[in-house]
Amino acid sequence: MTAPVLELRNLSKTFQLPRKGGWFAGHIDHHAVRDVSLTLPRNTILGLVGESGSGKSTTGLMTMRLMEPTSGRILIDGADITALTPAELKPYRRQMQIVFQDSYSALDPMMTLARIVAEPLHIHGIGRAEEQTEQALAMLDRVGLHRSYGQRYPHELSGGQRQRVAIARALILRPQVLVADEPTSALDVSVKAQIINLLLDLQQEMGLSILFISHDLSVVRSLTDRVAVMFNGRIVETAATETIFSDARHPYTQGLLSAIPVLNPSDRRPRRFLTADEIERGIPRLPGAGPTPALHQVSPGHLVEAVAG
Amino acid sequence: MSQTRSPLYFALRRFADNKAAVVSGIILGVILLMAIFAPLITPTGYADQDYLTEALSFPSSQHWMGIDDLGRDFFTRIVYGARVSLSIGFSAALFAVLIGIPLGAIAGFYGGWADWIVMRLIELFSVVPPLLAAMLLGALTNGGFFTIVLIASLFGWVQVCLLVRAQVKAFREKEFVRAAQALGASPGYIIRRHLIPNSISPIIVGFVLAIPLAMMLEASLSFLGIGVPPPVPSWGQMINVGMDFMYFYWHLAVFPTLALAVTVLATTLLGDGLRDALDPTLKGR
Amino acid sequence: MPLVDIQNLHVSFPQHEGLVQAVRGMSLTIEAGESVGIVGESGSGKSVTCMAALRLLRHPPSRITADRLSLDGVDMLTASRRDLARVRGKVASMVFQDPMSAFDPVFTIGHQIVETIRAHTDASLSAATDQAVALLDRVRIKTPLSILNSYPHQLSGGMLQRAMIAMALSCRPKILFADEPTTALDVTIQAQILALIKDLQAELGMGLVMVTHDLGVVAETVDRVVVMYGGRVMEEGPVQAIFDDPQHPYTRALLNSIPGRTPGKQRLTEIAGQSPNPANPPAGCPFHPRCTVALPDCATTAPATRQIGPGRTAACWGLT
Amino acid sequence: MLRYIIGRLLSILLTFFVVSLIVFLMMHSVPGGPFDGNDMPVSDAVKAKLNASLGLDKPLYEQYLRYMWGVLHFDFGVPFQSPGETVTELLARAWPPSLILGGSGVLIGAPLGILMGMAAALRRNTWFDYLVSAVSTLGLTIPVFVISMMLIMVFSVWLNWLPAGGWEKPYSWILPITAYAAVPMATYARYTRSAMLDVMTKPFVTVLRAKGLSERRIIFQHVLRNAALPLVTVFLPMFIGTATGSIFVEAMFRVPGLGAYFVSSIELRDYPLEMSLILMITMMFCVAYLISDIVYALLNPRIRFGGKS
């Protein structure tokens, strides 16, 4: 078996927040991400699911080395990039790219689309200017925007079109890994479907591996092969996507699933909502698990946070 | 498909809708042309005392603004005064922008210590009254054109710096900057290619609004007798002299006063109009 | 007499690109106690309709015309400022999308709820405060007193949304307009707020207008659905019927494009193309450029709204 | 909060020393000394003696330390141009007219400006709004000596209603105070108008309308209160501005205030007076900014109560 194209090993991020009051009160440690390990096999899509504050976006930023982890390592295609200097890192930047949620702030308003999409080629010094533009226009065409859009500016586009441009920019270097940080959550339903289809097509075509960060389990179900669920900075459950939908074990995963709105009025049902404390108390107790909560295999490929009990 | 339009095109259209700003721009343009072609439109040199016998005479068809106390054609003096005023205004604004852009960009981009130092520097300039500092500096260097430009840009960069800093700070958090970082772009590249082009609005606005401030400072200093030394004409200096003759020879006070007021007002309205057009969120600040 | 009676509403705003026609001939009637969902994508005119119903759009610049626009018998088009103030909050209130910016930052939550109560009743300060506590309790806030004394920036989005609902309900309105009340919230909080709104609607027997782009929210909460597109009503009917048997091609396409309906990684049925530009909408039916079953007529004349079943209407040339 | 204030006080202290050092060095690097003027012809021997008696023969650092030592004991020295009194006594004599002039200018101009700004914001895009905008732009852009000049022209020279100068009779105060009030009036009108318009577009104002509050209550309680916050911060510094702004008004209307001494202290190399004036004003500005910031914090619950974590 070949090495996974992306691997995160025991990644943690601790922020120091100033404590209230007094001169020498010091700092409180806020553990945004705790001991997160993930593997992204080649040519797959992994969903990283959780709510705001769960640490999923922080994990994405650390993966891209846009934020420095407090501890842990990041491996791209088996190479450890955790401690590389910006210059050493630059070649690896071609291997991994990111798409963000807010398509409006993701594009420089003063640049034409052709320049925006050609920028990665420019930064990495690939090809002459005309070739860069030509490649950019071809890429725009590939994501469903006619070449004539090259001369346009971001403000002239709709949200879905802007997100296409952001995807074109991320993929023009033909990276192996794409981190997609909630790329569909600001979009309307019909546009959302377009972008999901585009990502699926491109993944097939380019042999891409995607870390898809989202809070929307419905989208995750249509798009991903595997899901990792994050809560309070830790991964509490990970399994093949359909396993999560059919056999969720962790109370937080179950809560997330029950919060999905029904798809038909006839399915309306009363719901119970767990508080964060109830979730912490409800961590599954399994024979064979350790004394402190840790991921524990319940079936091949299905890991759940559990304690001995 | 409609023709594509850059954000600056829309700014220009908003500007064209602002009548006061457009009129101000035209007035400023006329004054600018008069200043540039001063020798062509004036009968004598600005220091030529060709009309000593007619000293202090009122405006007439030969001398549109009359003759001053030393027998000089007053219209000539006013036009050359525009030269002084505008060249000081523009060069001070240019230097203010040249100091303000890099400092603002660095403070806004790096934050932390760099920001702290720049902010303390700005604080220093905001608590020392510019006029007093100017007077002191003026005394130190015996006044003159370059001193005034120096002083005006020393106090003018603060505004530009704050505007650029705020803009850079806001845009540094934007995702297109993150995306460029993710591509391995250096901070220098990001500042040059993304942050400064996106700060073009505050830079233009800061530049234009620094002009009237410098012109006012020059007039104030010249009014106090420590600005541009005679016989080079300056409106502030002329107002000062005019005051002595005010009761009997009104033209000596009124024309420089009007010239200064109109120029400063036109520049300010132009700057306001540009600001509203370029950055609707800054409106009224 | 219906509680909400809107006939042939048009709303437009002049902008640089031209006149933006946000709503073009919207009609909507709601009886007391009914719950109605208005579904549509951004720019479909769903929020503008609600804002126009309460006359919350500034005009000028916006232009509002309608054959009829009345709430509980009060003609909102001709009502004086004073009458408008009397209707708002008392007859009809509104919950907005972003709870973080909906409260005045310099006053406490308590002050803002109390002032609403006192604007419509002559309750004393202490009586109004007691009512505010009861209201917060009603929206399932566990520590009403401490929330009462908090400033908006001290609370989370979910908590603020509950407080905004409490404030909207403070004068027992006959109808509540909820404009994307859960869009800005986390998934689990969203489910809780939806459940809360639904329960309160049943408890208080009030009318509800739920504006949303999310068909799931509609499926959860309302009895009747109005589907809007390009400023026009496409289809209207009981919620179950719309989900089981959508008649308008747009409604069908919309339902088919929902992700996660069937197990497995898969391409979705997407609606090709772009939403119409409201400053320059296509002639005829606004959906025709994206419609897979469009007829020649669709591009020239907008179809009229027609009865297609009990309590169901649609506007489409393809339906006979 | 206490920590913040102490930090600010330290920074003010730093500013004080930096400013004093710079000013001191600049003063003394101007060629010539207090007795080089033409109107005071003295022999070299006498000059040396005078210099020695004033301590001007000492090395610069000693003069500086000596002066600063005095300042720490509230001894600001003796002004060279008026050796019969101390700097403190001179200030006590010359300040009151400046204070009356500047104080009444601000106290009349600011409320007037606020009312104008409010009315303009409420009648946006009417002739009244344009008038206020025109007046406030004029007030801010026309130098105060030009305004003074115009007032004298109209009311003294042409109409002959009011005296063009002097300070003895209270009615001679009218024109200088009017001239002085122009700047605060214009500043406040502009700030108030834009602050109110800014608040009126905030979403919470729509919510207030949707609650059924009367327009009057919305404006006078909510909009004004929010708009007042930024206004508070400009008030005190503007008040301090009275001390320097009045140089021109005092010169134009021959008011026997502090203004003339600013000019003369520099022209006559009156080191003690010059230094005292600059340091005093700098200090007052520092304190004014500090107080404004504290008042702002007290009025703004966001700062008063901090945020959630």
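The letters A, B, C and D name the chains in turn, as written, and every chain counts its residues from 1.
FYI, a residue touches a chain if its C-beta (ideal position, glycine included) is under 8 Å from a C-beta of that chain, and two chains touch if they have at least 3 such contacts.
Here the structure is a predicted model, which means the values were calculated and not measured.
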Set of chains adjacent to subunit A and to subunit D:
B, C
Going by the touch criterion at the top, tell me which pair is linked by more C-beta contacts: C-D or A-C.
A-C
Greatest centre-to-centre gap (Cα means) from subunit A is with chain D
Distance from subunit C to subunit B - Cα centre to Cα centre, in angstrom:
51
Distance in whole angstrom between the CA centres of subunit A and subunit C is 32
Rounded Å distance between subunit B and subunit D, as computed from the means of their C-alpha atoms
22
Would you mind listing the residues of subunit C that make contact with two or more other chains?
none
Which subunit A residues touch at least two other chains?
none
Over in the complex, which subunit D residues touch subunit B? Could you list them?
11, 15, 18-19, 23, 26-27, 29-30, 137-138, 140-143, 145-146, 149-150, 152-153, 157, 190, 193-194, 197-198, 241, 243-244, 247-248, 251-252, 262-263, 266-267, 274, 277-278, 281-282, 285-286, 289
In the complex, subunit D touches subunit C at residues 202-204, 206-215, 217, 221-222, 225-226, 229, 299-302, 305, 307-308
Residue numbers on subunit B that touch subunit D, as the complex places them:
120, 123-124, 126-129, 131-133, 135-137, 139-140, 212, 216, 219-220, 223-224, 226, 236, 239, 243, 246-247, 250, 253-254, 257, 260-261, 264-265, 268-269, 272, 283-285
Quick check on the complex: what are the subunit B residues that touch subunit A?
1, 4-7, 174-176, 178-186, 189, 194, 197-198, 200
Spell out the residues on subunit A that touch subunit C in their complex, using ranges where they run on.
45, 51-52, 158-161, 188-194, 196-197, 200-201, 215-225, 241-242, 245, 255-256, 258-268, 270-271, 273
